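A quick write-up on the structure given underneath.
Lettered A, B and C in written order, each chain numbered from 1.
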């Protein structure tokens, strides 16, 4: 993929900043043959029978009570059809699962979720990268741009949704007027695709700063010597970016890919909840929202739990897939 | 060369406009009268009601008990943000320390048990979680608001990663000096992790402050409402058929974002450093 | 355990007389804005009127969220004393035997005499069981009515339509006068449920679901209902009707801004409308089809009712009964009626408001009650359908698709009936 001699060595060192995240375990794996567990611990360690458990106890206790206990309950109730008030429940085997998977509506939501996740991830990564590259390039105003561009990181998803709702309001929304200027009759809340468009814009907007920060730091971590060498190697800025800079950013991008996928799948809940204004109607929604809608709003515990379990499986498969294929290509091409 | 720079600035300006524009509109709109906004839509110029709108929002006693003001909600949000961030840092530093610096039997399985929590966000297991909270009688308490959110392992992974980047020589040297695990943790690890702690604190504070669904579910007592939960109330104004107090809605939205934005901006340097250079 | 609670409760009641230690009761509701404030005012009035009980209302978000929170809390024994449940959620709570104490029993047990006859006809059946016993206490009650932009009609030279046929005749003139002839705010409530009530057509089998949950099926592929939506779609295409999505306010706004001539809203809307409408307006009944035999009956009651949750100590239940009595007193009813625009639910309150001359001053406020007091038809008493909030969601989705041109009216109702019946079957299994 790359013809610059220094880049393969660089990618190893640059894997480091990318590994800053929770997924760093895998990002740091430098040889495919080494299982992750072995890199986990230090060569030098304390030997104590009791202490490690003591240090782990608070975290494990909380995880057990507030993660495993409810999760097991969710799995359990996915096999039952339960009266909302808890007066009784009937074991129905896999019926909740087959009901869900046979439902055309559910599959439609799954399809939308996939498209939504792909688009949000792609655009927030692309725009974040573009802005990072440009901010890295300019000298004057660098700090100001940086500050102004990362603001939005701190905004809560529902607040972002509120912003989006007013910008796309059918009656007073400036973006609707702007679209009308180009002859686009934007009907958010009415037209499925228009609403999807608005949700994607808001979700991307909210996520750009995060990607921007990571890409910018990744770029600034590239030593001057490498840049100078690259500058001599290829004159075209665009080609230089593709062949030298981008491969160096690949580990960062991989880390961000996972973070952004999880963001689009789950953290956009607040955006969607606010933007559908409490009425999903024929507006697009994601799978997580459907879990909430059926379970909490619709009081269908069994069906909703089955959906939770399906989501668990999807996320699990997706994670494994990302580690096995994408990460390998990033590191060992 | 000069032209490309100009082009770069144009792109950056557009980016800034895209990112910041909506916030300015919200800020400006919040300084107008509700009726004015209702009639004329969003505003891009400041109106004359900035101070009275914000005073109302901060001090007006909402709800039945009259206990809930904007200030009170802000305080609750702060408690949630700080409590969550502090709890997360303590829990995850201890756990990560155990995982990295100790050899013990169930290390691998423990690691995977912690890792699994990243797969399933609270939204997905919201109902069973709520029932667990009820069983433990933790609804309408700060503990109930904060602790369940700690059951995710993001922080542990950040710290684990960071600890692994600390050179092994340090531990060797400490052992030669006869330092035990506690001493090493307090005297070496904690000081070394300062930047990392700051960064995680900011990330977690923002995360805690921004919680939405959980506080909505957990708090039936108005005196525990947070600002972001207040957004729900704003939303109802839009949905329902009453006259929306647009100005107060926007003011509350602005208030909900000011503290996390300020923290991110003021501690920008640490934040970015901690986030991205945890291996240095 | 229960005995112990009762003893504590009794102890509280006794001590209340001597030391003013009141019994605390809670009320979860789904109202916000001005309506939420009025609830607080009522609670304050109740607390001031006596010393034995102290009522605390809490807003739990929307109607749907209030119901969901109440159920989730009930499962773990943390339920409030009073839960507000909206019309569409009534079946969920009424079918859960043992979750609530029927309002009638609660009030009788507390030593009062419950008089069904005191309530206006329109509210008597909706929250009652099939024998007519009140399970829920009707609270905020509304009817879908038609608001009229007086100037628009004058300009177009037409009278307010009583039937959809009359509307059809007037629509071109209203359009020519520069107005959108018709907007509405909730297709499910106004054009589906109350299409059945106003036109006196059966909504679901098993006596609209009252008789049994088993095998209850929707009858939404009724040719008349399909005709209504075919008309709406045709009107939308010709510019006689405009649809702005499932959001209530997005649709109401066109009327407020003097752009629409007629708006189907709620009888409870007029308080807010008085402040936001930019032109004089009046109101009349929700139109029906003159061509349908027996049409023109009263509408279903909309809004929500209060339910006394089971599993609470006696002393608290007594307080809830006290509060229900307080709530249905003519003075409080009239106060609530005036403050919110929701209709008064007792005959005495209606008479009192009339005597005070309120309707001379605000004729619009009377339209909702009058519509609820129209002669009832066989199918205008109510419906009792499980998982109905989700069925409404299906309807909203399909209606959106109709007006986006993605699906034909016939196909949309086929889908609603199919998916709706699946939900009803699921509900029958959970309830059975």
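To be clear about the criterion, a contact is a pair of C-beta atoms (placed from the backbone, for glycine too) under 8 Å apart; a residue touches a chain by one contact, two chains touch by 3 or more.
None of the values given here were measured: they were computed from a predicted structure.
Engineer: Looking at C-alpha means, what's the farthest chain from chain B?
Structural biologist: In terms of C-alpha centroids, the chain at the greatest distance from chain B is C.
Engineer: When A-B is set beside B-C, which has more C-beta pairs in contact?
Structural biologist: A-B
Engineer: Roughly how far is chain B from chain C, going centre to centre by Cα mean, in whole Å?
Structural biologist: Chain centroid spacing, chain B to chain C, equals 39 Å.
Engineer: Please tell me the distance, in whole Å, between the geometric centres of chain A and chain B computed from their C-alpha atoms.
Structural biologist: Measuring from centre to centre gives 17 Å for this pair.
Engineer: Which residue numbers or ranges of chain C touch two or more of the other chains?
Structural biologist: 62, 65, 72, 75, 247, in rising order.
Engineer: Could you say which residues in chain B touch two or more other chains, in rising order?
Structural biologist: Chain B, residues with two or more chain partners: 127, 131, 217, 232, 236, 238-239.
Engineer: Mark out which residues of chain A touch at least two other chains, giving numbers and ranges.
Structural biologist: 171, 277-279, 296
Engineer: Give the list of chain C residues in touch with chain A in this complex.
Structural biologist: Spelled out, the residues of chain C in touch with chain A are 62, 64-65, 67-68, 71-72, 74-75, 92, 96-99, 243-247, 250, 253, 257, 387, 389-390, 393-394, 396-401, 403-404, 406, 419, 422, 426, 429-431.
Engineer: What residues of chain C sit close enough to touch chain B in their complex?
Structural biologist: Of all residues in chain C, those touching chain B are 26, 28, 32-35, 39-40, 43-44, 56-62, 65, 69, 72-73, 75-78, 80, 185, 247-249, 252, 265-266, 268-269, 272, 275-276.
Engineer: For the complex, give me every residue of chain A touching chain C.
Structural biologist: 81-87, 90, 92, 99, 103, 105, 170-171, 187, 189-192, 277-283, 293-294, 296-300, 302-303
Engineer: Quick one: in the complex, what on chain A touches chain B?
Structural biologist: Where chain A meets chain B, its residues are 16-17, 19-25, 28, 37, 39-49, 51-56, 58-60, 62-63, 65-71, 73-74, 77, 127, 130-131, 134-135, 137-138, 141, 145-159, 162-167, 171-174, 205, 208-209, 213-214, 216-218, 221, 237, 262, 266-267, 269-270, 273-274, 277-279, 288, 291-292, 295-296, 301, 304-305, 308, 311-312, 315-316, 319.
Engineer: Which residues, counting only chain B, touch chain C once they are in their complex?
Structural biologist: Within the complex, chain B touches chain C at residues 38, 63-65, 127, 130-131, 134-135, 139, 216-217, 220-222, 232-233, 236-244.
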